[in-house]
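Right after this note come the structures.
What follows is chain A paired twice: with chain B in the first complex and chain C in the second.
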Partner chain A sequence: MTNRRYVVRSSEIAARRLGDKMMIMSGRDSTLITLNDVATIIWEAADGSTELEEIVKSKICPAFAVEPNEALRDANALADGLAGHGILLLSDKPFWPSSLSKESK
Partner chain B sequence: MGKVTTTPDFQNIVIDIGGLPVIVRTADPAFLGLLGNRYAGFLGSSEHAEFEFDVELTPPGTVGAEDDLRVFQRAGRWSAERGDFRAEWNPTSNRGSIRQSANPYSIDAVLRIIHTLVLSRQGGFLVHAASAVRNGRAFLFAGVSGAGKTTMARLAPEEAILLSDEISYVKRQEGGYSAFGTPFTGELAKVGKNICAPIAALYLLAKGTKNRIEAVTQVKASRALLANILFFAEDAELVRLVFQSACEFVDRIPVYRLTFVPDASVWEMIA
Partner chain C sequence: MSALLQEMSARALQLQIPLSVQLDLTYRCNERCVHCYLDHEDHGEMTTVEIKKLLNELAEAGVFFLTMSGGEILLRRDFFEILEYARALLFCVTLKTNAVLIRERQAERIRSLGVHSVQISIYSHRPEVHDSITKVPGSLKRSLEAVRLLKAHGLRVTIADVLMIQNIQDYPGVRALATELGVVFKIDPTITPKMDGNRSILNLNVDPTALRQVFQDETLVGSVEEFCGPPKELDDDDLDGQPCSAGHTACYISPYGDVYPCVQFPLPSGNVRRTAFLEIWRHSEELRDVRSITLRELPSCSQCVHGASCTRCPGLAYMEGNMRGPSSQDCEKSFVRTGIPSKNLLSRKPTTLGLVQINGAPMAARGSGRSRPHGTIPVRICM
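Now for the complex of A and B:
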């Protein structure tokens, strides 16, 4: 069993930064969500090829001076929540190789 | 000898709201007259009409049983259905048909749907808001039913020109946004003036014990705006476009919360 988790932004949403907040709307059911700061970092870094744990270590821990295990626990819960709203997709494998960004596919 | 058939003698009327002329064709002169009265002030010429509908009138209660509105694309055609009407059109030719009874409310609904679809691709929208022009600039007053749209329209000073007391027409134009008059009325039942003006501000209405204007964050503004935008289509792409349009709007146009007591003094703050 692996604990690896990869996250990628859903293509069925629309997102917009307004002031210091990121707003997301689901194109599927018109649900409107305002992301908190941590969720925004995860969402922006969700490129499909970077592990969630790596996002936590490289972006969340330095920004919030938080202990990595605790931050990862919170990040997993946030990712589950965002996936539940159809904003993020989760996988235990990369969605595509790290050398191939989504934009170049 | 072949069977003799007769073709109904169709006549048309052009309803021009927000600069979008829609030809409505019907074989019923009485219905045509009813439309002429209903949309007086919003009638145009057929030369540049962008949509064209043939209206088939049916007895009341014979179109469908569903009261809920559905707007969707199927087999390359747009359909809009409610208990009192069924409309269908080709999105390429913008031609189609409407089956409804001879009441103006059904065609009013179809027109609103057409405009929301067209505006969604142009960065604009229809919004539950009263609107009026004062000193050459348009002011919008948005809110749910009971928030005070009709009250604001009723209290407007004489020199203010009413665009709508219920549904405002917002169009993205070079350099900003403009509000257009609409014939879509609320409780005041007063048709707006068919003019447009650049939008100066959007006020989110709340009734209170004293007049007060407060700034709202862009997030709150966009949430409130989205809650008041009319959009009916089951179409993920267009939903995303409407979201972007609302965000773009609050990024460019000042949005305030307007708490007011229902008397004319509130308009002293709007200029």
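Now for the complex of A and C:
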């Protein structure tokens, strides 16, 4: 069993930054949510080819004084919550190779 | 409106972000509705390139809710190219259409592009009434086929029923149709003067007696006692509140690039072909003037018994000649609703009341937090 986790933003959502908050509406159920700055970093880095753990290590830990395991636990909970509304998609494999951008697919 | 959306609207107001924009892609139309306020000639619509540039600017300005309307949007050959571009910029897109041109392929495309909702005008459940309003034989059949197709593809659909003398008796039938189709039903009892100032189509407005019956339909207004009850007393919050979100967190852009505070507020405030949208939004003298208006400084309305609960539309007041003056159509509506004449009506010479026009507020265009007595019915369907 693998612990690897990849996340990618759904194309079914609407999103806009409002000051320091990211406002997102789920296309699936019209749920409106806002993300704080930490969650926004994860959401913006969810490119489908970078592991969630790597996003936490490279973007969250250096920016916030947080212990990596704790940050990863929170990031997993966030990803599960967003996936529940169809805002993020989750997989244990990359959605596409890291050398291939989403736009070029 | 959800608590979170209210919070975001307040935040947008504080940050002066245009949260909602209605962009009319064309004024051309394949119907000729008797109550339409538009000139359907093409006087030089924005090109695909110009619209894409504008969409980039709107996204940069923070626009979240984007309503694409017209005219009939599907008459633009580049409609899907524009829609795809807008969705790539992550706007929450609502389409307003008569849906006559929507077939399986178009419905599938609209679904695949992640459109939030589609609003379709249906004026009656009876073809002879609907088609006489649109002046297109067979239009009801085609529009309803499109409603079914869009629903089958899982899209959120709203049927919008503009009430006028020709169809006032049919709204229960349209509502039953909406229920059967599993779509949202809204009525809009507002006929807007034509863009060129011609007010002749206001003669299509329903008469006060019929309107009073609509106001007393609890399936539309919720609590009739509350809706038609006496107006609440004015307090400082009311006096210092903004009339609506037009120019504050919302605006309207015509197919020619003209920016206005609202689709119903034709105060020219700039043109995106000459000036970047954000420059207009932040620095237009006209929009600044609109933003400066509070109830307290309205000479008549601040002294009116209906001040706190009136659905006064500054755009309709502007079209009457003074955006700081009363909107007579809303005065008459308040009178029909409560039986209590407004200050404006009392100041007129004794005469019979004119035709009544209801004008509530667009969801996003009424964000001042002032209490308003209406339920779902007088909410104007725009933006």
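The rule is simple: the second predicted complex is superposed on the first by the 105 of 105 C-alpha atoms of A that agree within 3 Å, B and C clash if a C-alpha of one lies under 4 Å from a C-alpha of the other, contacts with A are read in each partner's own complex, and residues count from 1 in each chain.
Criterion: a residue touches a chain if its C-beta (ideal position, glycine included) is under 8 Å from a C-beta of that chain, and two chains touch if they have at least 3 such contacts.
The shown structure was predicted, so the numbers you read here are calculated from the model rather than taken from an experiment.
Colleague: Please determine, from the superposition on chain A, whether chain B and chain C clash or fit.
Modeller: clash
Colleague: Identify the partner contact of A:Gly19: answer first if only chain B is touched, second if only chain C is, both if each is, neither if none is.
Modeller: both
Colleague: Looking at the overlay, does A:Ile33 come into contact with chain B only (first), chain C only (second), both, or neither?
Modeller: second
Colleague: What is the contact status of A:Ala63 with respect to chain B (first) and chain C (second): first, second, both, or neither?
Modeller: After superposing on A, A:Ala63 lies clear of both chain B and chain C.
Colleague: Report, in rising order, the residues of chain A that make contact with chain B in one complex and with chain C in the other.
Modeller: 12-14, 16, 18-19, 21, 23, 25, 27, 30, 32, 34
Colleague: Provide the residue numbers of chain A that touch chain C in the complex, in ascending order.
Modeller: 11-19, 21, 23, 25, 27, 30, 32-34
Colleague: For chain A, which residues are in contact with chain B within the complex?
Modeller: So the residues of chain A touching chain B come out as 12-14, 16, 18-19, 21, 23, 25, 27-28, 30, 32, 34.
Colleague: Quick check on the complex: what are the chain C residues that touch chain A?
Modeller: Touching chain A from chain C are residues 2, 4-5, 8, 11-12, 15, 17, 19, 59, 62-64, 87, 90-93, 114, 116, 156.
Colleague: Quick check on the complex: what are the chain B residues that touch chain A?
Modeller: Residue list for chain B touching chain A: 217-219, 222-223, 226, 236-237, 239-241, 243-244, 247, 250-251.
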